[in-house]
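This structure is in structure tokens; I'll ask about it shortly.
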């Protein structure tokens, strides 16, 4: 069974068709990175996989669960960090994490919080209001929120942006831990070298379809960049 | 599906003829009512229009319900179309009503139940359409609009009931509609009222059909555009496959 | 079931926590409602004769507006750093989110009425602190939070949110407002129980109808 | 001077552009004001006798609320993706930002009154479409936008913004509302010009005072 | 005369003192990069320099203009891109740029807009609403906004975050252009290697002090990272 199976996902906003028949799948334990120029449709794809946006057509299976039919189960298996931290600015980090832990119906929450706080390096700020945190610490808190329920599939949209080099290495550890424990990660990034280092598979989106899908072993930055460029006669306004 | 609607709808010509005769009946055939005078003729417009406004919300909510149930664009289009016509009829009901009220009640407006209901109904129409205009496009917009319509439809009778209780609670100083509509006309009133009700209902259906068609073709154009883009992708994939083989 | 309750409680409590964090907004909203009362007492000069006539109307109009404002906030909270999406990521049926928010709003509206109504009684010196009023205000609050939460959630993604909500909300709840006003004025004019009862029944019917509907359709709203 | 005017115009126009972008919100706000009117007609039953008594109060109360809502939006616009900071980065004295926003709000309030007052005239059938009303509504609008803009800017940083604004705004503009109400009711009761004039003078004094004050202190507010 | 002179700037939020006697200065034509761990105070410093936040004490001179005394002149010389794009989401990019051009009282605006749009690579999106733009394109638009009035001093807070490699090179060109034309840039970033490449001077903030200030020629990543670590016995919650 696939960890993630994306079938012919189509999404268009008003006039522009952003995703045209996106199609790929991930094995459990695979770490995949979605690459593409600005406006390629990476975030849109991740939002669809996170079940925050409905695709116009196509279907998605997360560990065999159809996101349309049994959303809750699928959501229980997924953890996401998208562009916005999605935390209550006027609650402390701890209060935020507690709330979400409760929504995920987790047991002995306090220990969980401490554990994940250490993982992402936010122990010192646990009792600060999110509003007062610096950009990077908000990012860390969001990461902690997504890790709490130990999802099988982790969706990360530009996770390293705003993180200092110490917490980037935290991030790498988390990726490594996921790979070794047979769980799955799908992330986007613009730092190609780093992406190629930590990931097993690269998926390049151009003009709204998967233009390149390959294991990272046989790829270098220039391969990727060449795949960024248009493969189709340029259509309306997209990219 | 569209067949069913086609059956519902009769061609423009018929409605035009009917409307013509109705106008003739109203302004020529039927004698002037004695204790109200010429103004009273507006009843033949006012009542059917008001009825149209009422019918509108029923159609809108029915369409909306079917849309939520069957998830078929057709029903959503029907709902919007009849909402657009309904809001016009609602406005006209208010207008004709007020034009009538001025001479016979000496005021533009009272708290009478039917009036209140019409007014709120009108607001519900407006809210429905405005929401559709404001909300970012997509299926969600249609779902939510449908919900608003259904709520509105369920609410209207409650409002009418409440308004009734309410205007009893404070009897308006001047008698409401229904006051002295028993008048010198006898049956001829009934005849004309019936005729014009029929022809206004037809007009309503006709307008809805027109709006419906416009929506339909809009959606079709969008669909065509999408298909075109997708085809271009297919072509590409094929060519790629050739390239690799 | 117990789990659902836990979730509802978690969300509702979170709302309250945030509200109290925000410089105890409940006080603020009640203060707002009182202000509205004030504005009217200036706008429409109150004397013993028309206090009974206009008082109830003014009271409930004020509460209605305070309500709209509160509802707008309840979702404005979720908008900042769009946390509602975070709630939507959780593996819980979306009805629960609705009920949770509704619960929060209910607590909120109740709290502000507890403050407003007594002060109203003093300002207009009308004897409104009676159990009939308790019943009617409870029913009204339930109805407000049911419908209000629904529409607030809907109008959230609309750009002109602040305006869209009242536009949807007020027409639909007019029967409720009428019921509240009428029964209150019957109470202050020592009307007979049946007179009051018919309005309370109306409110009750309204509440039941809409709680059923909204619980039924909230599913539809959140998923994009 | 011409440059300042250019800046004010740029900001004011931008506000309008945004409003119209949001699918003519002016219509929405007027609709809101009308709803408020409607709620009152239920709350306080209008008949020919007390229409003249309560009508003016209801009219101006409604406009006040619509105003608050509009003001809240005017700065909500700036909050999303905190663009007010972008304005503050510009090499223009901060008073100009204030005047620009005030200008935008003024246009906005005027637009909604143009829609509301005639309909009020019909609903209450009171003959309010007279030049005295024009004057008083102009003065009121100026006052509202001067104070409103100021307080909207102040309460923007406050978390309970939606509530904070009316809390600051309504008490301060009460004199203005009273002036508007009184003069209007004098007009509808065909009061003599001196009676009306005294209230108009009050409004005028109020406006002048507050334009001066607010232009003076707006500087202080924006700086963190 | 210095392009930027920062004297003993102190800023504390509630209990935490974030900046303690920050003190440094830049020559015209210098490209400086402010480095530091998450929560070091970089963004706070930039907000103070951009005159959006008042320091508790200390003074700042931009090309000799005291920011306290003649703010408008100082602001006219400065252009800033901070964390949030600061654009009106419901106006098109062009409308946004036009508005700000008017506020800066620029002449023949349309040409300016085209020119800067090309510089940051947003020509294709000029007439899209900002709301509908992807993260990276919003970032580009914000950059265009800051460049329009050709400021003498450019303040950039993590400018490369969210940009694809093509527009990062755009950014590098802009930096180069500024250096060669004798204008000044102060930027923050977490991508140290890249920072060292493009900048002349590195300023590392730790515990609210300038812990390291040096030309980049004689620096490598490890120097910087060692400077991130505490210079003092660890104090309350601040890092």
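Each chain carries a letter (A, B, C, D and E) given by its place in the written order, and its residues are counted from 1.
Please note the rule applied: contacts are C-beta pairs under 8 Å (C-beta built on N, C-alpha and C of every residue); 3 or more make two chains touch, one makes a residue touch a chain.
Quick caveat, the model's predicted, so the values are computed rather than measured.
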Chain D and chain B - chains in contact with each:
C
The chains touching both chain A and chain C are B
Between B-C and A-B, more contacting C-beta pairs sit at B-C
Could you report, rounded to a multiple of 5°, the rotation needed to superpose chain C's C-alpha atoms on chain D?
180
With centres defined as the mean C-alpha position, give me the chain D-chain E separation in Å.
39
Return the distance between the CA-based centres of chain A and chain D, expressed in whole Å.
46
Counting in whole Å, what is the centre-to-centre distance of chain B and chain E, each centre being its mean C-alpha position?
57
Would you mind listing the residues of chain B that make contact with two or more other chains?
120, 123, 126, 130, 134, 138, 140, 166
Find every residue in chain A that makes contact with two or more other chains and list them.
14, 54, 90
Would you please write down the residue numbers of chain C that are in contact with two or more other chains?
21-22, 159-160, 164, 167, 170-171, 174, 178, 223-224
Chains that touch, pairwise:
A-B, A-C, A-E, B-C, B-D, C-D, D-E
Chain D residues within the chain B interface of the complex
22-23, 27-28, 31, 34-35, 38, 41-42, 45-49, 122-125
Using the touch definition from the top, list the residues of chain B that touch chain A in their complex.
137-140, 225-226, 229-230, 232-233, 236-237
Going by the contact rule set out above, which residues of chain D touch chain E in the complex?
3, 6-7, 10-11, 14, 17-18, 21-22, 77, 80-83, 85-93, 223-224
Residue numbers on chain C that touch chain D, as the complex places them
21-23, 25, 28-29, 31-32, 35-36, 38-40, 42-44, 50, 53-54, 56-58, 60-61, 64-65, 69, 72-73, 76, 159-160, 162-164, 166-167, 170-171, 174, 177-178, 181
Write out the stretch or stretches of chain A touching chain B in their complex.
10, 12, 14-15, 17, 20-21, 54, 56, 208-209, 231-233, 235
